[in-house]
Each structure stands twice: as structure tokens, then as C-alpha cells.
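Here it is, the structure, as C-alpha cells.
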Amino acid sequence: MIKDVQKQRDLRNIPIQKVGVKGVEIPLEIERKSKDGLEKIVYAKADMSVDLPAHFKGTHMSRFIEILNDYRRECLKSDDIEKILFEMKKRLEANSAYLKFSFKYFLPKTAPVSKKTSLMCYDCAFVGEVDQNCNFKFYLTAKVPVTTLCPCSKEISSYGAHNQRALVKLKVSYDNDKHIWLEDLIEIIESSSSSEIYPLLKREDEKFVTEQAYENPKFVEDIIRDVVSGLEKNEIINFYEIEVEAFESIHSHNAWAYQKNQKG
Amino acid sequence: MIKDVQKQRDLRNIPIQKVGVKGVEIPLEIERKSKDGLEKIVYAKADMSVDLPAHFKGTHMSRFIEILNDYRRECLKSDDIEKILFEMKKRLEANSAYLKFSFKYFLPKTAPVSKKTSLMCYDCAFVGEVDQNCNFKFYLTAKVPVTTLCPCSKEISSYGAHNQRALVKLKVSYDNDKHIWLEDLIEIIESSSSSEIYPLLKREDEKFVTEQAYENPKFVEDIIRDVVSGLEKNEIINFYEIEVEAFESIHSHNAWAYQKNQKG
Amino acid sequence: MIKDVQKQRDLRNIPIQKVGVKGVEIPLEIERKSKDGLEKIVYAKADMSVDLPAHFKGTHMSRFIEILNDYRRECLKSDDIEKILFEMKKRLEANSAYLKFSFKYFLPKTAPVSKKTSLMCYDCAFVGEVDQNCNFKFYLTAKVPVTTLCPCSKEISSYGAHNQRALVKLKVSYDNDKHIWLEDLIEIIESSSSSEIYPLLKREDEKFVTEQAYENPKFVEDIIRDVVSGLEKNEIINFYEIEVEAFESIHSHNAWAYQKNQKG
Amino acid sequence: MIKDVQKQRDLRNIPIQKVGVKGVEIPLEIERKSKDGLEKIVYAKADMSVDLPAHFKGTHMSRFIEILNDYRRECLKSDDIEKILFEMKKRLEANSAYLKFSFKYFLPKTAPVSKKTSLMCYDCAFVGEVDQNCNFKFYLTAKVPVTTLCPCSKEISSYGAHNQRALVKLKVSYDNDKHIWLEDLIEIIESSSSSEIYPLLKREDEKFVTEQAYENPKFVEDIIRDVVSGLEKNEIINFYEIEVEAFESIHSHNAWAYQKNQKG
């Protein structure tokens, strides 16, 4: 029989908080209820870890992959995240477990005037944790590209105003028995920007978004405040973390704002 | 006179925790006392931010760059970080300030047998914070590439053992009136690995490091525990955060371990 | 009616070789015949460009997205690439067209001893070009991670040998009326390495791959020569370009080899 | 004596075009004559390769690092590139050699109205090649961030126009006995854009660049044509390759244009 080195007794007396695998690429089928029906996520990048009690020398890393393989065969629902975490605790003889599935999420987007529809891609993730007391915590993350148009530039210039692509990153958690749609988070962010971003715009749409952004100037400070307002109105959200980074068209560095709030 | 849009009154009543600039590339001259004398850091990437009180609409981002320019002209010492932070608070009318200078740090490295010396590059950073009570906190970060050789693979195989490049990321803080060398942090990490990494190895050195790694097998779990032991021995360190990520030669995903400790 | 600025006459008399869109994320359904049946690729990143004759001021970029949208609705077959290119030429009034679809390609991989199967991910692409004479050229690209074990380190050391993850990038073209499987290209590369890489290895498999790599030492030079040999045996291949980059476990820089051959 | 594995006879009869090291980080001191005097480049990333004749099994990779170390001690002048290449050919017993030094290049930039000066960073490189007939070829590369403002958006909108950061990448070669300044290449690119980018702009400058960009709308097609015009006027340039990529503020994909010309 082949020796189990990982299971050997470790004498340093140091428990490790997180140990696991990073960047596992896997064609997961996650079935996600979307507002318009069912969406299937079919590719994910997985990070998985558990704690390691002081007396074990190492974690059995191949078991993370085996668990992924088991769950990959059936179509995952989003509440399977919790099941996977408890499976990780059990099969890895651990007290706590952490999991992140990062994926591309596509939503149909209708151009404002031509009404042409195309698919917009958002980098999203499901993050789950189970602690030593078996408390489950679930997070949604979304990265949403938007347009920002500088209020100062508009105010002081005789014509025009510098504008640019910006990226808003949001992470939220909410009461376990409730539900929040990725669509709703994305909508809060897009409605807080100078203008939304679209994959496909015809000339009449381009006129519309150009004028809309000009009428609606926003600093990164304005966006983060409006996103905060939007999130604060939602009573089931108990944690959020926001970053806004604008790739300034007049500089080669970026403008950046950050806010984090743990309620209750 | 040109209107100051940023200074306008904001009515949303939301103070922002951090707002500023990211990725400013600047040829800073930071004079760093090294164990062997003086080292000059001559290029840095700067991230700078302050809080924004609820009543202001925006931050004056150009002032961050002006402050960098003022300090760039003279040669910075590492305790100038605190001065810059207070300057940021003052000129931006803020309560708190945050700063990160990321840079390449080169140390001479002598090959173990041939004794040939070359320069090893480490990605390091100085991070500083001043809070609303004027408390100053300073952090050092270092990313150190090392070799890990798998104890399980060695134990179960008749010959050979898989090994790989790994990256150890460390962030520490320590008592303000004391000093820790980047050299010492790097030494703790390198001595915790299966073998150090060198820019230049002749054949006799390659034989040495190959055999040394084989005699010294380490999981990412072993490395993080040994780094923790090393840091715990140092009484002036009051915070550390460690990540070890091994780019497994037998997988396309990575093995990863994480530990964080805030003392006192 | 809204003015068509792009269609205006340009007087600089400079035709542009390539102009288009980069990094379009799209949930394409590409049906790919694989050796074991049909595989569906369901996410791609698209780069698309055409030439721009001297007399036009600009290209109508939104049409690239419209073409993608049209083809997205039906399931693409790999010979639809040519159709899309001719559609691009027509709708953009261009002489030549270029297209790249980059995607994750998953293949089942059976561990050598335990016979456990998991899915291995490869970054692949379809590249197509149509020139002004309507000649169509098709390229396949694949990035394949492998293990390399250093022959010098093995030879000179009393025990062990440094090894590491390496990435082999391959681009090939072949006679239009013939077919080459991505699977075959990947097989040529993996069989040229010290050992293949697997997502899931149990202890008995880890013993196998460790010993196999040790028995089979290879420089990046050896890998590139063996891949060249494998490709030269295939008579329908008329172009190849290979890069091998090994993330050396004993250095923080990489070893690299490159070869390109245009036949006939 | 330790065996020289690399020098062993290889029987596959396949010469390799390029083999070497990638991503060597080194604090090179390159003394570069600039238009205003002398500039010192003090950090570089080096890629170095040679061909490998069919009869050798491998290249002696450590010699690349030794050559870098030898030249690092003295201050490099830009014509030392040729010397290093011939040294590479000699010490590695090769027929051809290739070298790339990538570095950050800083130039003082004066804001258009306030006349405040700050330092702008450009990613540049020196590339050199010596072929089997001892012909030396030298290339300069520069990546220059600029602002582009969309002519279509301006024309069709009642007010405003979308604009964004864009990156222009240029590679040129020129007659060996002549000289071209990086400053001149950067100037051709910046003067071809809607507006230059600055690290530091006060309000009066922001008004200036906003209005300048609005008065000066440019597609990526316009920029590449104007850069081509600028380069064609310079008679000593015998090769150029240009890429313009605009990070569209209204889309999450990029607009892109490409041109390459080998004269004579």
C-alpha cells in the first residue's frame, strides 16, 4: 500500500487557515434562475480551500477535484454551493471550507433606440464559506463595465467633456433565506453610471448614449455613492464591498473609489 | 475664475472610505538602508487615496500627483512615507490617507558552489496608512519565488519527485519605533522553502540546488508553517498575512495556502 | 437621416491593412467534431478585422457584432468560419478579412493507473483569413501545459532532478480539403514532453508520472525538436509555429524555444 | 568533472531557430542620449536567444545571464546592443542572436496652460538581431497612451462625443548609420491623436485638453493613417509596424487598427 504522507502527524502545532487549489478550469453546468427563466453557466474557474488542523501534515488536494467531478455530472443549482462546501468539510476532514466559482455571465441587452438585442458579458462569481460552527455564508460578485463622464471637465469646458470606460466591482452578501438576482446588482450599477455599455450600438443608439452620458456627468465618487444608496435600500443585503476604477482618457493612471460595509 | 466642481456641497450624506489614484508610474528615488549599505529604488508604481467627507462632491485628484512630484525631487527615505501621508491629509482636506509604493527590489545573490554573484529581483512594496486619529501604520510586502519539492511524490516514487516554482507573498507590520529589513523577511521565506531560486547557476550549483531540494521536500503547508514559525519568533511583528502558491508541475492548477494573524 | 461619417471620402490615400474589433466576448455555440463524437464550444472571445480601402474614412465596427449575432443563433460548424469571413468582406465592403475565435477546449483525460477520468482544459483558437484574391486560409492554435524535467540536472545530481510546468503554444495550417483534429495536435505535444499534465491524479498516478518524468528528461530544445518531428510526419500540414516556455523551478526567468516553418 | 549534457551530439538533425531565456529582470544601466541630454534607464526586462545548430543537444542558458552581468557593471550605451549580440554569438557558439530589453522610459511633460511639469512614463524597448551573415538590425519600440474622440459620435450628437484612452504600439527600424530618438517617435504618435495624455493636469489644463480633443476627433483609422504619414516622411526609417487599440468608453470590446511596412 502506498504511504499517505499528508495524513502524517505534524509536530509544529500550527493549524492553517486555508489550504487548497487555485485556478481549476472546469466546464461546470450551473443552472441559474434568471429573471427571464433559466440560464446555464457552462464554464467556471474554481478556487477551493479548507482549514488544516494542526496535527495533519497536509491536505489531500486531489479530493477537491473529485468533488468538482462528482457535482459536474449533474446540473448544479445555486444552492448546491452549500452542499459542496459540506462535502468538502467531510471528505477533507476539515472544520471550515471556502469556495469560489468565477464565470462569464451573459445577459441580453437591447440598444436604446434601434432596439437591436445583443449579449453583454459580465465577470461574476459565487463565493461560499462554511465556518467551524457550520454557519454558511454566500456572496455574489459582479464586475460591470460602464461609462463615466467627468463633471468637472463638462463644467469648465466650452464644449465636450472627457469620458471613459470604468469598471465597477461589487461583492454582496444577504440573508440566507432570501434571494438576490445578479440582474438586480448589475442594474443598480448600470443605473448609477453616466451611461451603460452595450455590445452593439447603431448610429441612432450611439447618438443616444453620447448625449445621455453628457447629460449625466459622474465622478467615480458619484458612482460609488449612488451604488451605496441603491444597496442600502435593499434590506436583505447585510454586507457589501464596492470598487470603482475609471480608465481616465486624459491620464494613464486610473481614478479609484472604494467602500465596504458590514451590517448588523 | 474656473469653477471648483469637486468642492461643491454633496447632499447624499455618504462619506467615502477611500478615493484616489491607481497605477501612477513614477521614477521615485527611495533611499533604502539595506544591510550592506544604501540601496536606491528608482522606479515605483503608486496607489494613493484619502477618505472623502460626506459634504464634498469630489477629491482633487491632481493633488496626489503634485505631492508625488514634490517628494520625487528629493531622495525619499523610508520614514518619509509618514510625512507624505500627512501631506496628503492636509492638502486634500481629508481625515485619513493610504499609500502604496510598489517597486522592484534587487539583492545580490551568491550561487552556492561557484560563488558567482548575480542580482535577484523581488517585487516589494511600502504601504502606509494614517487614520482619523493620526495613527500611522506601516507595512512591508515582498513576493519571493522559491522551489517546492513534493514530499508525497518523493516518498511514493522509486526515483525523482515533482517540484516547481512557487510564489510566497508576505505582508507584515511591526512596532513603529522598530525596524525590519526586507532582507530579513526574504531570508525567512527562502530558508523555509525546498530550495532558494537564483538568477545564475553554473552546473556545480545546479547539482547543489537539485540535491538540496530533494533532501528538503515541502508542501505549501510546510512552507507556510515554517514562515509562520519564523515570523512568530520576531517579537516586534504585530501583523502578518502570508500566501503560498505553487505552480504544480503535474497539474495546470495551483496548490495554495493562506494565513493571517493580527496580534495584540 | 443620420450622417454616415465612416463612409466619407478620405484624402490621405492610405489603405489600412487591418481594422476591426478586439476582445468581443460572446457565447458562441461552435459544434466541433471531436474524435469521440461532437463537442460544443459555448464561449469564445472574438477578434475580427478587415482591410480598409484608401477612399473610406472608417470601418462600420457595429457590423462585426451584427455578423457575430447572426451566426450565434445557429450552431456554428468549423467550416462556417469561411462563410463568416466572406460575409465580413461583403457587409464591410472590404477586400480581405481576418477572424480569431479563442476558446476553452475540454478533453476527458484518464489518469494512468487509477483510470479516473477528469476534464483537461486547453486554450485553443480557430483563426481564418480571406485575402483580396478570395483565398481562404485556416489555422488551428493550441496551448498545452506539460511537465519538463531537466536532463542536465538529472545527469549531474546524485538524486532528484529539477522539473516544472511548461507551456507549449502551437499554430498550424493545413491543406483546405483535409482535416486535422485538435486532439491530434495536443497528442503530438503531450507525447513530446517529460510527462503529460492531468487535472486529477491519485497517489498511484502521482508515483507513475513522477517516475515517468524522471525516466524521460527533456530540455525545451528536446520538446521543440520532437514536436517538429511529429508535425513533419504529417503531410497535409503546410505551416507551423511553435513556442515552448518552461517556468524553471530553479530560476525566476523562463527557458524558451521557438520554431516556424512555412512549407511549399 | 561534471558532464556537459548540453554539448552532447544530437541526432535528430533539427537546427532550432531561437532558444534562450525570457523575462530576466535586471537593473541595467543604459545610458540613452535624449534630446535634452542624457537619460539613464535603470531597470529592464531582458529576452535573449540564439539559434542552436542541429548537432548540439542544448544551449548553455546560464551564459546569457553571465553576459548580462558583465555588461551590467558598466553603463551601457545604445550601440552596446550590437556588441552584446556578437558576444552572445561567440560565447554560445551560435550563428545568430536576438535580444530585447524592455524598460520604462520617462519624459518630462509640461501641462498646456498651467505649464506644470511632471514625468510621463512610456513602455519602450530596444530590440537587436544579428543573423548568420553578421548583419545587425536594430529596432525601437514604444507604447504611447493617447486620447481618441469619436468623429461619428461628435457629428451625430447634439452635444458631447464619446472619447477614451487608447494605446498606440510602434516598432521601427532604420538605417544603421543613422539615429532616431524615442522622443521623435512619441511625438509623431501624440501629435496624431485627438489629445495627448498627461500625468498632471490642473483645471485650466483639463479645459484645454477637453476642448482640444473635441476639436480634433479621430477614429483609430485616422490615428494610424496620421502615424503612417509621419513615419513615411522620415527617409531613414526602413521598417515600421503600428497597432492602435482604443478602449471604447461605450463598449467593453476595443477598436483596433494595424499596419506594417517593410521598405526596400
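Labels for the chains are A, B, C and D, by order of writing; each one numbers its residues from 1.
Please note the rule applied: a residue touches a chain if its C-beta (ideal position, glycine included) is under 8 Å from a C-beta of that chain, and two chains touch if they have at least 3 such contacts.
The model shown is predicted, which means the values in this text are computed figures rather than measured ones.
The minimum number of touch steps linking chain A to chain C comes to 1.
Both copies, chain A and chain D, contribute mostly matching positions to the interface they share, with over half of the numbers common to the two.
Chain A and chain D have centres, each the mean of its CA atoms, that are 36 Å apart. Separation between the centroids of chain C and chain D, computed from CA atoms only, is 26 Å. Taken residue by residue, chain A touches two or more other chains at 2, 24-25, 121, 152, 156, 199, 201, 203, 207, 252-253, whereas all remaining positions touch fewer.
Taken together, the touching pairs cover every possible pairing of the chains.
Chain B makes touch with chain D in their complex at residues 2, 4, 24-27, 42-43, 62, 65-66, 69, 72, 104, 106, 116, 118-119, 121, 199-204, 207.
Looking at the complex, you find that chain B touches chain C at residues 120-121, 145, 147, 149-150, 152-153, 156-165, 195, 197-199, 201, 203, 206-207, 209-211, 213-214, 247-253. Only residues 2-3, 5-6, 10, 12, 14, 16-25, 47, 49, 52, 57-59, 61, 151-152, 155-156, 219-222, 224-226, 228-229, 245, 252-260 of chain C touch chain D when the two sit together in their complex.
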